[in-house]
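Input: structures, listed below.
Below, subunit A partners subunit B and then partners subunit C, in two separate complexes.
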Partner chain A sequence: MKRRDFLKLSGGVCAALASLQLDSKFLRGLSAAEAAELPGSLGAKEVPSVCDMCFWRCPIVAKVKNGRVVKIEGNPRSPTNGTRICARGNAGIQLLYDKDRLKYPMKRVGARGEGKWAKISWDEALDEIAYNIKETMKKYGVHSMAFFDHGASAGFFREIFEELGTENFSNEPAFFQCVGPALLAYLYTVGYQAVGNAKVDLANAKAILLFASHLGENIQVSLVKDFIEGLAKGAKLIVVDPRFSTAAGKADIWLPIRPGTDLALLLAWTNYLIENDLYDKDFVKNHCIGFEEVKKAVKKYDLDWAAKICDLPKEDIKKAIDILAQNKPHVGVHPGRHSAWYGRQDVQRHRAMAILTGLLGAVGLPGGLYFPPTPPIAKVKLMECHEFPVKGIFEEGEKEVPPPEVSLKEDYPFAELFHGSPTDAIIKATLTGKPYPIKLWGVCGVNIIQTIPNPYQTKEAIKNLDFIFCVDNIPTESVLWADIVLPDATYLERYDGLYSAQETKDYVALRQPVVPPMFESRPAFQIALELGKRLGFKANYTSEVEWLDAQLKKAGYSVAKLSKTGLFTYEVNPYRDRKHLSFDTDSGKYELASEAFADEDFPAIPEPDFAPAPPKGYARLLYGRVPVHTFAKTMNNIWLNNEWPENHLWVNDEVARALGLKTGDEVILENQDGYRSEKPVKVFVTPGIRPDAVYLPHGFGSRSPMLKTAYGKGVSDTFLITHYEQEPMMGASSHRNNFVRFIKDGKVLSIPEIRPVPPEIPRFENRKRA
Partner chain B sequence: MNNKAEEKSRHNDRASLFLFLAHLWDYPRPELISKSKEIFASLGLETPEKAFEMDEALEAEYVRLFINAPDGVPAAPYASVQLTGLMSQQPAEQALAFYHQAGLIPNTAEPADHLSTELAFVAHLLKEGRYALLKSFLQEHLLKWFPLFRKSLEQAEPHPFYRLLVEVTEKALGNLKEEVET
Partner chain C sequence: MSQWAMVIDLNRCVGCHACAIACRAEWQVPVGEGYRRNWVKRLGPANTPHGLAFTFYPGLCNHCDHPVCVSVCTADEEEKVFKCPKTGKTKKMKVRATYKDPFTGVVLIDKDRCLGCGACVEACPYKARYLNEELDEPKADKCTFCYERVIRGEVPACVKTCIADARIFGDLGDPNSEVSKLVKAGAKRLVSKEVNIGPNVYWVGKEKDLYLLLQQAPKEKTWENV
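Moving on to the complex of A and B:
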């Protein structure tokens, strides 16, 4: 057949084709030319919005040209980040245009974890999820469902699960894997959650104390700006960290503490302030309760003792506390966020930081803990369950879903205060059916496999489920395990809630679509509303704009009014005159001793409690952040991956010398349970880490082959964190009781114990290893 | 019938063929797949039964080839990805600029440079008799990337339906190319 003849169609075929009446795929119309001749982002349309590359959520301006986002900058109207955004904020464009993005609703057609999918319609996907929710509730009761959530999109779904009545309506890694212990500690001392968005006035501090902080390695723009401003104005900096972190690099005193012994240092410092009359007497006398108890409890802990336990020079410890005392009350003791470190001591260790802050009087005035503002917006409910989707859940006359006979929070008296149930309890219930079975998981915006300790166990739990669905932007490890996958629109394609920093300066900022959603991705707001409809919910608002306007009305704003500027600012009063100082605690005072803790048989004042030392031959595995990534979430972003494609393992120089390792050598890591890293990791030899620990930045080592850019680059710390312990008050899972040794050229390299361990510190015993 | 009318009708026929191909490059729809057997056969192609079985395997194959796959999709159906390695870059803008020249706005959730949309645009230009614009669209845009796409698809050892579809599309475009160049 000659080519020319190929397109000669018979009359019958032509008629058949014509009869199909296929859509032309085009509309007639002219779009205005958008200064295409100007280079780069010049002449682009500017749309203010809010970043979502990490949970800090800086106000941004996106530049759009011919329907394409070409540049992202900070919103100059923002009083916090201003024109500045970080590398991740810049790289948001490459989340929007990630080739590996989830594009359509899909159902699994292969095995769980295999990633074999067929595309389905939104109706089919949502019908399927609603059907499974109802079936699970019918068969096993409402509590048999758990929702794992993080980020802006998750809230809409959380409302559904909460309203359905499951006690597992929210399991934020942000809480039970991260900030929970610190939150509880400060809540019961100061009366508010001091560790939300940086409630320490670093910009005006005269001295700053940080414990194992990732400041500067985890770029939260306004926080890092404040930190640098404080240092530039002359603040003294003390950093307590087994590793010479970015913050330690700017410190006046670096205290390379033995991991897990922070309580010894804090208690000895507390005693030193009291014994030497260096505390803020006015604040303690007029605004605190429990001082005498504290004084008595810490009496026996002196600096010599702390020096021995913490493996630090006594003169450095003394110099550090003298600096803090000299600069009181303008001292910033920053609690950090991630505090799920060792289990048992986690709340009490952060309580000890709060107590130290109180003794220094660093509360409610420049440089110290400040009082976060409340943005002038209304709280509104998006939807309500009018007709409960399953009959027979309620007894006659009951209005609410009854709690389970045995709650997953049962063992944790303070878990009740927070969303959802401890992750460990959910996973164990899913695995064992005790105290009740969990058969359905919803997952939104969180890669549970790279977040929760012991991912091997997490996968086993997923295998036990009747149904699991995921809502996300990209096909993470967790998405691979889902039965139904829903493509969320990225933050550049949707409206969301309103955002404020709640810092010493504040704003209310609008996230709005910069470009329309690509493919068939949909904003979580719309997905949740559609799912709600199928479960008997009635939406109080039909559109995002209507819902947002209801929240903004009180302040005299609307979406239309905010769409040009992106935000409005309002007056903030972060400081308090001591005459008018009051606290939202049980006593109305700053609680140095906690009666509430004592009531539940926990110490009212922290007691020494040290994490076990590494087993012989192993080093403790520490992890942290790199400034251009947000955990595993950004690893597939081509710009960010290009900047920092893989992680390296920090190894102490003396240890390296003893083992014959040099920078660039590759070793396989084997943990105390015998789990090995998926591949070798490159070693970085440095005196900037203690000999009893190694350090591996988190988020690398993607195991989802669907993420072409990230897959197999670097090594995952989470897959080496297989042992964890529960914090006994609120149930967070610890992450730092894991230990590794090296394998090189097939030979096991045992880590020499260079720093002797005193008898007060127990040694880690592994039941599994026997 | 005079020559002009004859030519117009021929272009209309071809326009409907290109529009049909455009829709075949979308996610598989049973009614179109079964119709394609008849159409491909009438074009003189071998049409083994196996290639036209509309089942879950064909759907999973579409997802693997074009939507999400381990190691990235082997044959991204976008001009921009084929030419730059990235989504929605300059080639996508170029496609959009061509559509604008014809007074059209794409009515699809896919990026403007999806193969399906571009073939539908060819159909439109044929139907409207905009040969000059068609010539530059083919030469400056579509035929710059289609061969790369075809090659990457063939290397992915696709389902026989997509092997056939890319062959038909290649022939149809080749034929059109010869014609607009003479």
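Moving on to the complex of A and C:
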């Protein structure tokens, strides 16, 4: 068919406005050459795959013209995102073609942190890593190795470390710096992991409650879509946040809470629901345990008390809880994700959210917590260690590595439930050799220096190691510290695992190569197999396709069958009839009071616990996300950098007036330990933040000169987070107990205390100075 | 008479910039100061007479009824045959290098004829055009409402990627289209006492959000100095 004729058939504007179709459908009949000449991405070859610009992993369609990826769109077959993808997903092309990409394996020739390397072969690099793993095991034992993992590639290496038997086989920043506390709280209330991608049915909620949420600023496409859908259908929105966030901009009620006092609000609301008979009696009576204990425990917490502690108007607090009660049980209480805020209260704060959810009966019904599906795929083991690489580590005939005499999880009774060991314990063990030495780190897909609190300490720990290797796409500041650097292929150049959202609708999606790996980069799958081979592992599968087919077989699919569509969907039942409601908890009920917590001497019901107020002259440092960046991972992407090159510091307008600051002024930040920002940051003056806090978006201020686009742009929040406390139940590291004041033109500007602090709230005491 | 138009729903928009990047990818817009066809500006959090507000200015070419960029074009007039993408009907008109398409109302640039003088870039009160100097010869560039995609049955790239379904594209010539209904119901445009050249991009949203947005309306007759 000639192009002219084709245009006639295309139906023009009317069809355009009426339908969404894959390009390939209406380009049928064009020769490849004709198709490639069409403007924009039209006529491109389409390869369905899965995004990896963040860990939510939306199904995508990559468009290729003349061998180059020119466009990425959402996969229209996806029941969650459809054709939609976020800015980062759209910009994945510029990760693939990033000029600063790691191109070949390298060996350090300068000092650690200098980033001076020599190019080496894959064989040499893998031999060296295998040699060091064996040496470390021989000298210090299996547990002397720790693996820091994040992202799709990390799983392959995690399998090696897990199989070798170290208890530190995983240290996901996603867990011990982020979602861990919330996850534990919901696990012990509902019986499943209701957070992560939170199992809250926002699309069908009649009222939504958010705590310090970055919804809209931290983009998970399906979640934002559901949130907006819910609001468009008329859901009332209550946002509790010291900052006027994107979500607050859409809220019916904004509660600018004093940071660290959320528990007061939650306990007072719980009491209010009970005292005024506003809770879901059917749900509580038939499906919960611990109601009477809760009732008794919260009795003394009224709205007046909460108003004082939280520094909020009582009428607003009351209005908010009345809205939630009126709309029960179709209420979405969203637990958020990053919950490693203050340390001690973090699990209990989220327990209080889960209790509130239960009292509202917002469980298993539209709008509330839902039950996630299990994708119909098989779990298979990629490789096994038949012959341990180091003799004498294991006793004859022993199948499992004995645990260390003193575990790094020792201090945290609930850490046992989760992969790996708490980050702080690993870092301390690396620094001090106690309770046992850690001498080797593997790092894959995570910029640990811009992620773990107190990066100065992290660097000191790295200096103590015998060996550290990094697998990544780009030379982040963490990669600069590696002895051996391995260039991972990007997600557009490789097969990977299978992905599903496990939401109210679900799919199983295949990641497959869109273009071949550039330079000498290799897919993590292949790197890990090669490394495993050198450690005496036997691979159960020799290729990605074989490995994937083994997982897909159960569902009647194969890579060949999925490669055209990229995914298959399956039926999901997120809701439950109340007659058939059961929970996978110890009691089989929704646990308002937690006996398991009490058994370990933690409160069965959350108690008031407030984060210390800023020291005089300082404001609390809050941080968060911007919608075009993922953590500290995407700042070097030229499109994303162009959209948002640097961060600005949000300063309350009254504070700014008192200090004579205006938007655009530059200040150096100095924290409570005397650490200063690497350079001045521009101030953004706004009434949208409390006077006792400032807000600095996370991930900026790259210190890797090898990231030529990102280097030195903006200021790093992580380098100002030098104080942290451990969550006592599972060992997460807190991030929000840091405070800053300003330095302008060489003069210290102390932050005036505009909102008085009541005596119930302790004040932060400086323990050290840099 | 057709007039393609867009309505952006600020109640839905979360300011995620997906639109801006999708556009950059689709039309190979290079990275550079002012180089964009499609943008997102953050407005607030700021006080308004209607309360504290935080919203966005997702912007693009307005495909104005009286496009001042067209009238300042320095290329010579030439006769051009236009074709209606819906009916196939044709029409001859004398135009310069940039013109308003008679069948869709879309303002387009004939890249083969653009002299790269930059007059249209300066004239636009919305700064919706840029001069692409990364090419062998500089050419003006801007949003086309993805004309080339739409006539082939696709939707504009920004609409397709919008994670919140905040962008509604359609024809104001069709009274039953969603855009017509929204415009009739009071969607707002960026016009001022000084500058009203008939823009065809509209926004809906809360009063407080529109208050911040409407402050972005141009007040300077930029084209008069070109």
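Side notes on the structure shown:
Basically, the second predicted complex is superposed on the first by the 730 of 770 C-alpha atoms of A that agree within 3 Å, B and C clash if a C-alpha of one lies under 4 Å from a C-alpha of the other, contacts with A are read in each partner's own complex, and residues count from 1 in each chain.
Here is the rule we go by: a contact is a pair of C-beta atoms (placed from the backbone, for glycine too) under 8 Å apart; a residue touches a chain by one contact, two chains touch by 3 or more.
A quick note: this is a predicted structure, and the numbers were derived from the prediction, not measured.
By the document's definition of touching, of the two partners only subunit C reaches A:V70; subunit B does not.
Of the two partner chains, subunit B is the only one touched by A:Y104; subunit C is not. Looking at the shared chain after the overlay, A:G29 reaches subunit B, while subunit C stays out of its contact range. Touch criterion met: A:K119 reaches subunit B, while subunit C stays clear of it. Of the two partner chains, subunit C is the only one touched by A:K225; subunit B is not. Shared-chain residue A:Y711: touches subunit B; no touch with subunit C. Residue contacts after overlaying the shared chain place A:I638 against subunit B and subunit C alike. With both structures placed on the common chain, the touch criterion links A:F519 to subunit B but leaves subunit C unconnected. In the superposition on chain A, the residues of subunit A touched by subunit B in one structure and by subunit C in the other are 7, 10, 12-14, 16-17, 20, 23, 26-27, 638.
Taken together, the subunit A residues at the contact with subunit C in this complex read 7-8, 10-17, 19-21, 23, 26-27, 38-42, 70-74, 81, 83-87, 89-91, 93, 215-217, 219, 221, 224-225, 228, 231-232, 244-246, 248-250, 254, 627-628, 638-640, 642-644, 686-689. Of all residues in subunit A, only 1, 3-4, 6-7, 9-10, 12-14, 16-18, 20, 22-31, 33, 36, 66-68, 96-100, 102-104, 106, 109-110, 115-119, 475, 517-520, 638, 705-706, 708, 711 touch subunit B in the complex they form.
Against subunit A, in their complex, subunit B makes its touches with residues 13-14, 16-17, 19-20, 22-23, 27, 32, 35, 38-39, 42-44, 56, 59-60, 62-64, 67-73, 76, 81, 86-89, 92-93, 96-97, 99-100, 103-112, 116-117, 120-121, 123-124, 171-172, 174-176, 178-179. Interface residues of subunit C facing subunit A in the complex, by the touch rule stated above, are 2, 4, 11-12, 14-18, 20-22, 24-28, 31, 40, 44-47, 52-55, 85-86, 88, 104, 146, 148-155, 157, 160-166, 169-171, 177, 209.
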